[in-house]
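Handing you this structure, nothing more for now.
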Amino acid sequence: MITPHVDTHHAPALEVAGLSSGYAGAVVVREVSLAIGAGEILAVLGKNGMGKSTLLKAMMGFLPKMAGSVTIAGTAATRLSPHRVARLGVGYVAQEKALFQDLTVEENLKLAVRGPDFAAALAEVEASFPFLLQRLKQRAGTLSGGEQKMLLMARSLATGARLLLVDEITEGLQPSVIDRLAGVIRSARERHGTTMLLVEQHLPFALAVADRWAVLDRGEIAEAGASSEPDARARVLKHLSV
Amino acid sequence: MIAQTLDIVTTAAILYAVATGLLLVFGVMKIINFAHGGLMTLGGYAALVTTQAGWNPWLAIPVAALFGGVAGMAIERFVVRPLYARPLDAILATWGLSIIIGQVITIAFGRGVQFTQAPLSGTLDLFGESYSAYRLALVGIAAALGLALTALLQGTRLGLETRAVIMNEDLARGLGINSALVRFLTFTLGAALAGVAGALITPLSSVDPNMGVPWLVNAFMLVLVSGASLLSLLVACLVLGGAQVLVATHFSPVLGGLTIAVLAAVILRIRPKGFARD
Amino acid sequence: MSTRAISTLRIPHRRLLMAGALAAGLLGGPALAADTVTIGIPVGLSGANSVVAPSVVQSAELAVEEINAKGGILGKKVVLEVADDASGAAGAQKAFDSLIFQKKVDVLISMETSAARNAGLPIVNRGKVPYIYTSFYEGRSCSPFMYVNAWVPDQQVAPIVDFFKKEGAKTYFLIGSDYAFGRGMLAFTKDYIEKTGGKIVGDEYAPMDATDWTAILSKVKAANPDAIITSTAGGAPNVTLTKQLRAAGIKALYGNLAVDEGTAKSMGSDAEGIYIAGSYFTNIDTPANKAFLAAMETKFGKDLKTPNDLSVPEYEAIYAYKAAVEKAGTTDAAKVIPALAEVAVEGPRGTIVMNKQRHAPLTMYLGQVKADGSVAIMSSFKDVDPGEQCPKLK
Amino acid sequence: MTESRRLSLILAAAVLALAAIFAGPYVLDTYSVNVLTRSLLYAAVALTVDLLWGYLGILTFGQSVFFACGAYAAGLVFTHMDFTPGNAALALALGIGAAVFTAAIVGWLAFWHGASALYASVITLVLPIVATQLLYSGGTFTGSSSGLSGFTSFDLSTEAWFWLAGSFLVAMTTLAYIFVQSDAGRLLVAVRENEQRCKYLGLNTSRLKIRVYLACAVIGAVAGYIYAAYAMVVAPELAGFVFGTELVIWTALGGRGTLLGPVFGALIVDYESAQLSGNFPFIWQLIIGTVFVLVIVAFPRGLLPMVFDLPRRLLGLVRPRGDVARPARVALATLATLDAAQTQGAEVGNGPALAVTGVAKRFGSLTVLDGIDFKARAGELVSLVGPNGAGKTTLMRCIADGAERSAGTIIVNGHDIGSRPPEACVAFGVGRKFQMANVFETLTVAECLQIARARHARPSLWRRANILPLPEAAMHVIATTGLDRQLSTPAHLLSHGLKQALELSMVLALEPRVLLLDEPTAGLTKTERMQIGAILIDLTKKQGLCVLLVEHDLDFVREISSRVIVLHQGRIVLDGSVEEVVASELVKQVYAGSGHAGIAHETAPKTGGQEVPA
C-alpha cells in the first residue's frame, strides 16, 4: 500500500487510515490510507468502478465502514452520520443528484449554508460565479448542465467548508466550464485555504489544480505522487489507459 | 345547485383538514400513520377537556395540537423510528397504537358519547342559501391551515429542510441536515395536525373513543392519490369529496360513503401517481 | 348433548391439553352448586352498547339484591354472571357459550344488539335455557326459548306520528342508518304514515358508521318537510345527525326513534325539542317508578347510571323470571318457559305480561326533550299491542 | 433426509394432530369445544394470511371477506331456500365462487405488473370496508346489521363439528406446510425477496400471486362455510376490517412465515380472549394492542419462533436466524447436465437473433436513447461501450422489457417483443444479467438455480427434487467457478465474484438465445475476469448464443469480441471492430467528455450508471 506523502508543515485536514467499505457483502474500497494537509488539494484518479465514489461516500458516513478510521481536522469522524460529518465543515459534492432540482438556486444555497450570515455566503458566490446571483429565483433543474455544476461548486464554497469532497465535477462539461471551475478552485484555496479531495477522471484538470494525486485501482491506492513531478501524467495514464 | 356547491366545498375543506397531517408524515417518512385516527380522537378529547374546563371553545384547537404533538413525539421516538426500514410493519405498529389510544381513552373517559361546545352555531345566509356557519368557517380554517403549512414549508428554514428531506434525503444529510430530527419534527407536526383535525370535527361529530377511525381510510386514500403535495391533496379533496357528495345526493349515501375509497383505488390502478404531477 | 359424559371425563385428562395456556379456560369451572339460581347477563360492555351496558348491569344488580334480601327464588340465592358480548356476533358467541356451558346459568336475561342476539340464539337452542331479551328492537325475532319484554316498532311509532299529525304535519322525511333496526323502524313508520294519510317526501339511509350527513341534510332542506323522523344507530351517528341537523338550521318537527334519555342529555342544547317515544322515562309518575329510582339512588349513589328504556326492562325481566320459576316450582327450563308467558310483573313501567306471541303489550309514552336534557312526558298510551310478532309461537 | 422420509414425517405429525383433534371433545368441556370449534376455523384463515404475508410478502387486511363469502353463501342459501343436500352443495359452490370472483377482482387491482406492496395492502384494506357496507345495505336479504340467524343446517353434534373444523385445519396446515417446503413453494419466498429477478427469470409473478391469492380465498371460503353451518348465524362483522386486522395480529403474534405460529396464535389468542375479555373487556384490548406493537417493533418474527429458540439459545447451540421466513434448506445436492436433446430454449427464429430498429427512450423532455438501429446474429458477441450516461444500461433494459422504450421495434429471435413484460421477453429467448449481482440473498445456491429453471421444469407443488438438471452452459460456469461445491450456501454468504457467477449461471439456466450482460466483470479479480472471458467465448462460439455486453475494459473486449458499438448521448456513434474503435478520433472525443474537436482533454474510459436491483 502506498500512502501519499503528507506535508508535515500542515496539520492534516483529513486523515484516512485503513478504510474498507462497500455494499452488502462486496468490499469495494480496501484498506485505503491517505492524509491531506490543510489547504492542500489531492486528486483521486482511477477508472470507473474502482471505488472512488465509494471512498467518498464511506468518508461521509453514507456507507458503513468495515474497517479503518477517518479523522477530520483532528476530530474522529469514523462513526459520525453524514449530517454530523458535514457539520465538521465538510462540503460534499456527489457525482449524481447533487442538486435539489425542484428547488430554486437560492434555496439550494440556503440549505447548505448553516448559520445566519447568508449575505456573506452570497458574497462568496459573487466572487466565484456572479451569474448565479441573477438566477437566484430560478429552479435549479432549469439550469444547463454546466451551470448546475457551477452552482454545486458555488454552494460548497459558500458554506465556508474547510474540506471539500468533490466527486467528478468535470463530468460531461465543456472545456471552457472546466477551465472556469479550475480557476475558482485555485482562487478559493488562495483566499480561504480550503482543503480539497477531488475525485476525477479528467486528467489535465486534475493535474492542473491538485498538489498531489493518487490512483485508485480495484479499491486500493495503486500509486501516488505530486502533480509537479514531470512524469506524473505518464504514471497516471498507465493506470487509466485503454 | 348552490347548496350542492357549498356541500362540495365544505366537504373538501373537512377532508383537507383531516388529511394534511397524514400527508405530511407520508411525504417525509414514506410511511402511513395508522395512528392518525387515534390521534384525531385524542384531539377530540382535548377539545372536550377544554370546553369542560370552561375555556373558550376556539382554544380547543391549540390544546388539541399540543395533545397530538406530545403523543406524536413519543410515538415517533419509540415506535416509528425503529421501523423506517419496514414501512409495512410501520402500518401495523401504528394501527396497534390506535388500538392502544382508543382503549386508554375508553378507560379514562368511558365509552360514552361526549358533548363539546361548538365555537360557532346557527346558519349564515350565503347566495340566498342559509348554510351551517361552522361548516363555512371550516372552509376558512382549512384554507388557513393549508396556507400556514405552505408558508411553513416554503418560508422557513425547517420547511426548506423538510422539503429537502422529502426530495432527496441523502443529499440533505450530506449538506449537514439532521434528517432524523426533521423526521421527528415532521411526525410531531403531523400528529399535532391530526389533533387539530380531531378538535375541528367535534362540532360536527360526536366525541367518542372511535371518532377518528371512520375518517382514517378516506384520509389515507386521499393522501395516496395526492403523492406528497399539499396542492394535489387539495385537488384530490375537491374531486373525490365532490364525487362523494354527488353520489350520496343522487344515488345513495351508502355508495357515497364508499366513493372516496373505491375511486381512489381505481385511480391508482390506472394512474399510479394519482393526482401528483409527473 | 353429551355434556355430562364430557364433564366427568374432563379432569383426569386435563394434562393432555396441547398448550398450557389453554388451561386457563378450564380453571374457572362451573358453579354447579344446587342451592343457587344463576342468571346470565351477556351484554355489550365493550363496543356499541358499552354506553348503556353499565346501567343494565346496575338494574340487574338491584333486582338480585332485592330478591336475595327477601329469600331468593324458591329459597335459593340468586347469583349474577355478567359476560361481555362486545356488542357483536363473535363476542356474543363467546359470551353465550361461556354462560351456558361454562357457568351453567339457569336463564339468560339481557339487553343486546340484534346481531349479538341472533348469534346467541343458536347457542341458546343447543343449551336449551330460557332467554329473556330486554332491548327494544326491530321486531319479529322468534325462538322457542326466547321472550321479549321491550317494545317493537308496532308499539313505538304510533305515538309520535299521531302527535305530529295532530300538530298539523302532512309531509315527512325519514332518515335512518342502514342497518336492521334503522330499516325496520322506518319501514314500519313509512307504512303507518301512509296509512294515516301523511306523505313521505323522502327517506334516506346512511352507512351505519356515518358521521357526515351533509348530502342527506341538503335533500331535507330541499324537500322542506313538516316533520322529520329519524332512526339511526345509537351513539355517534345519532349525535352527529342531530348536531348537523341543528347546524343546518332545519326547523321541522323532529321525532327521534333511537334516542334515549341519557344520549339526549349528552347532546346538550342540540337535543332540545326532540320528540321521543318509549316505554320508560325517569319522569313516569307512579309509586313503583319512584320506589325503583329511590332504591337505585340508595344502592349506587354517585355511581348511578341514569335508568332508561333499556335498563328498566332488565330489572323487570329478572322479576318475571322469579315469578315464572315460582309458578313452575322449579328452574327446569321446560317448565319455566311456558310459565314466563303467564306471569305478570308490576314494575316501573307498569304491569307487564309477555303473553302476545312472546312479546308484551306496553304502556307507551310520548316525551319531549327539555333544555336541561330531561324529558317531559306529553302523553301516554296504555297497553299498546305488539302486533303479530311470532305467529308460530303464540 | 430422503424425500419420502421427509414427507412421511410431515404426514406423521399431521396424524398426531388429527389424533389430538379427535381426543379434544373427550378432554375438553363443552364450552371449550364450542369456542375452539370457531377458533379452529379462524386459524385456517390466519393460515392464509401467513401464506400471503409471511411467505409472499403481501400484507393483507381483507382475508375476512373470503371467510364471509363462504359463510354468507351458506347463510343466504339456507335462509332463503330450503336446507337440502343439494342446496348445501350449491351453497358451498356459491361461496367458493364468490370468493374466487372477489379474489380475481382484487388480484387484477392489486397484483398487476409494477404495483407496489403498499398499494396491494391498500386494496385489501378497502375490500372489507366495501364488503361490510354491501352487507349492511342488503336489507332483509342479507339481514343487514343483524345478520342471518335461525336457519336450518347440518344436524351434527358439537363433537362432530369440532372434529370437522379441526380436521379441516389440520388438512389445510399440512397441505400448506408441504407446499411451502416444496419446489413450487420456494417461489413464494423468491418473489418476496426479489420480484424483479423473478420476472427476469421468466416467471409471471403477477400470475403466481393471483393464483396463491385465489387458493387462499378458497380456503377462507370453505372455513367460512363450515363456520356458518356450525354457528347457524352470519353477521357483517365476519367480513369486517376488524376481523381482518385481528387475523393479521394473530399472525404477527404467532410468527409470520412459520404457518404453525399463526395457527397457534389464532387458537390461543381467540380462545383466551373468550376467557379474559369477558372479565376485562377494555384491558384485554389494551393488552393485545400493546403486545402487538411490541412484537412488531422488537420481535418481528413473532412469539412462536422465540419460544422454539429459547432452549436452543439457552444452550447456545444455534444462533438466531434472520427475521424472515424461509423454508428449510433444500435437500437438493446433485446437479446434472441436460442432454442437448432435452434442452428446450426458445425456438430459433429466422433472421438475426436480435434486431433493434429506431429505438428511443425519453423521460419527459429528456431523451436518453434515440434512433438506435443495429442487428446481431447468433454466435456474435457485441460489446457496448460509451461514457457515463450514454444510455447503455437503458438500452439493455429496453431489450429485456417491452414496456420500457418510448419508440421503435425490438425483435428477438424473430419475435417482436411489443410492449410485453420481462417474463415474456425471457420466453422469446432474452436473458438479462444485472450489473449488481442480483440473486435471492436468503436462498441457497441450489435454490437460486432451481428457481431459474422453474420456467422450464414446472416445480412440484409438494415434492422437492433431488436432482437439478441444468443446461450445459450453466453447468460449465458452475463447474469452472467452483459453485458446485457451495450448493447449500445461502447466496448472501457468497463472495462478490461467486455471486456474479451464480447470477450468470441462473441466467444461462434459462437457455437464452440473446444474453444481455451489464458489466459482468465489475469488481472481479483478474482470474475471475479471465474465467468469465473464457466462458463468454465458449457461449458464443460453441453454444451459438448472441451476447450483448456492456464493458468498459477495452482490453477485455478485444480478447473476446470482434464487434463494438459505441454509444454517446443516446446515439450510436460507431459500430465496428475493436481496432476501428481504438483508432477512431471521434471515439477519443467522446471519451474526452466534450464532443468538441481539438481539445486535449484525455480521460479514462468510463461506463454507465448503475442499475440497482429493486
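Observations on the structure shown:
All chains are identified by letter, namely A, B, C and D, in their written order; residue positions are counted from 1 within each chain.
Going forward, a contact is a pair of C-beta atoms (placed from the backbone, for glycine too) under 8 Å apart; a residue touches a chain by one contact, two chains touch by 3 or more.
Here the structure is a predicted model, which is why all the values come from computation and not from measurement.
Using the mean of the Cα atoms as each chain's centre, the chain most removed from chain A is C. Ranking A-B and B-D by contacting C-beta pairs places B-D first.
With centres taken as mean Cα positions, chain B sits 43 Å from chain A. Averaging Cα coordinates per chain places chain B and chain D 35 Å apart.
Chain D has its Cα centroid 42 Å from the Cα centroid of chain A.
Between the Cα centres of chain C and chain D there is a gap of 52 Å. Shared interface positions of chain D, defined as residues touching 2 or more other chains, are 133, 136-137, 282, 285. With touch defined as above, residues shared between interfaces to two or more other chains in chain B number as follows: 106, 252, 254, 257. Those residues of chain A in touch with two or more other chains do not exist in this structure. Across the complex, chain C meets chain B through its residues 46, 50-51, 178, 204-207, 209-212, 214-216, 218-219, 221-222, 235-236, 239-240, 243-244, 246-249, 263, 266-268. Those residues of chain B whose C-beta lies close enough to touch chain A in the complex are 157, 160-161, 163-164, 167-168, 170-180. Across the complex, chain B meets chain C through its residues 3-4, 7, 10-11, 14, 106, 110-115, 117-118, 121-123, 130-135, 201, 203-206, 208, 210-211, 214, 245, 248-249, 252-254, 256-257. The residues of chain D lying in touch with chain C in their complex are 20, 23, 25-35, 38, 133, 136-137, 139-140, 143-150, 157-159, 231-238, 243, 264, 267-268, 271-279, 281-282, 285.
Residues of chain C that touch chain D in their complex: 1-3, 6-7, 9-10, 13-14, 16-19, 21-22, 24-26, 28, 30, 45-46, 50, 82-84, 86, 88-91, 93-95, 97-98, 100-102, 113-115, 117-119, 121-123, 126, 138, 142-143, 178-181, 183, 205, 207-208, 233.
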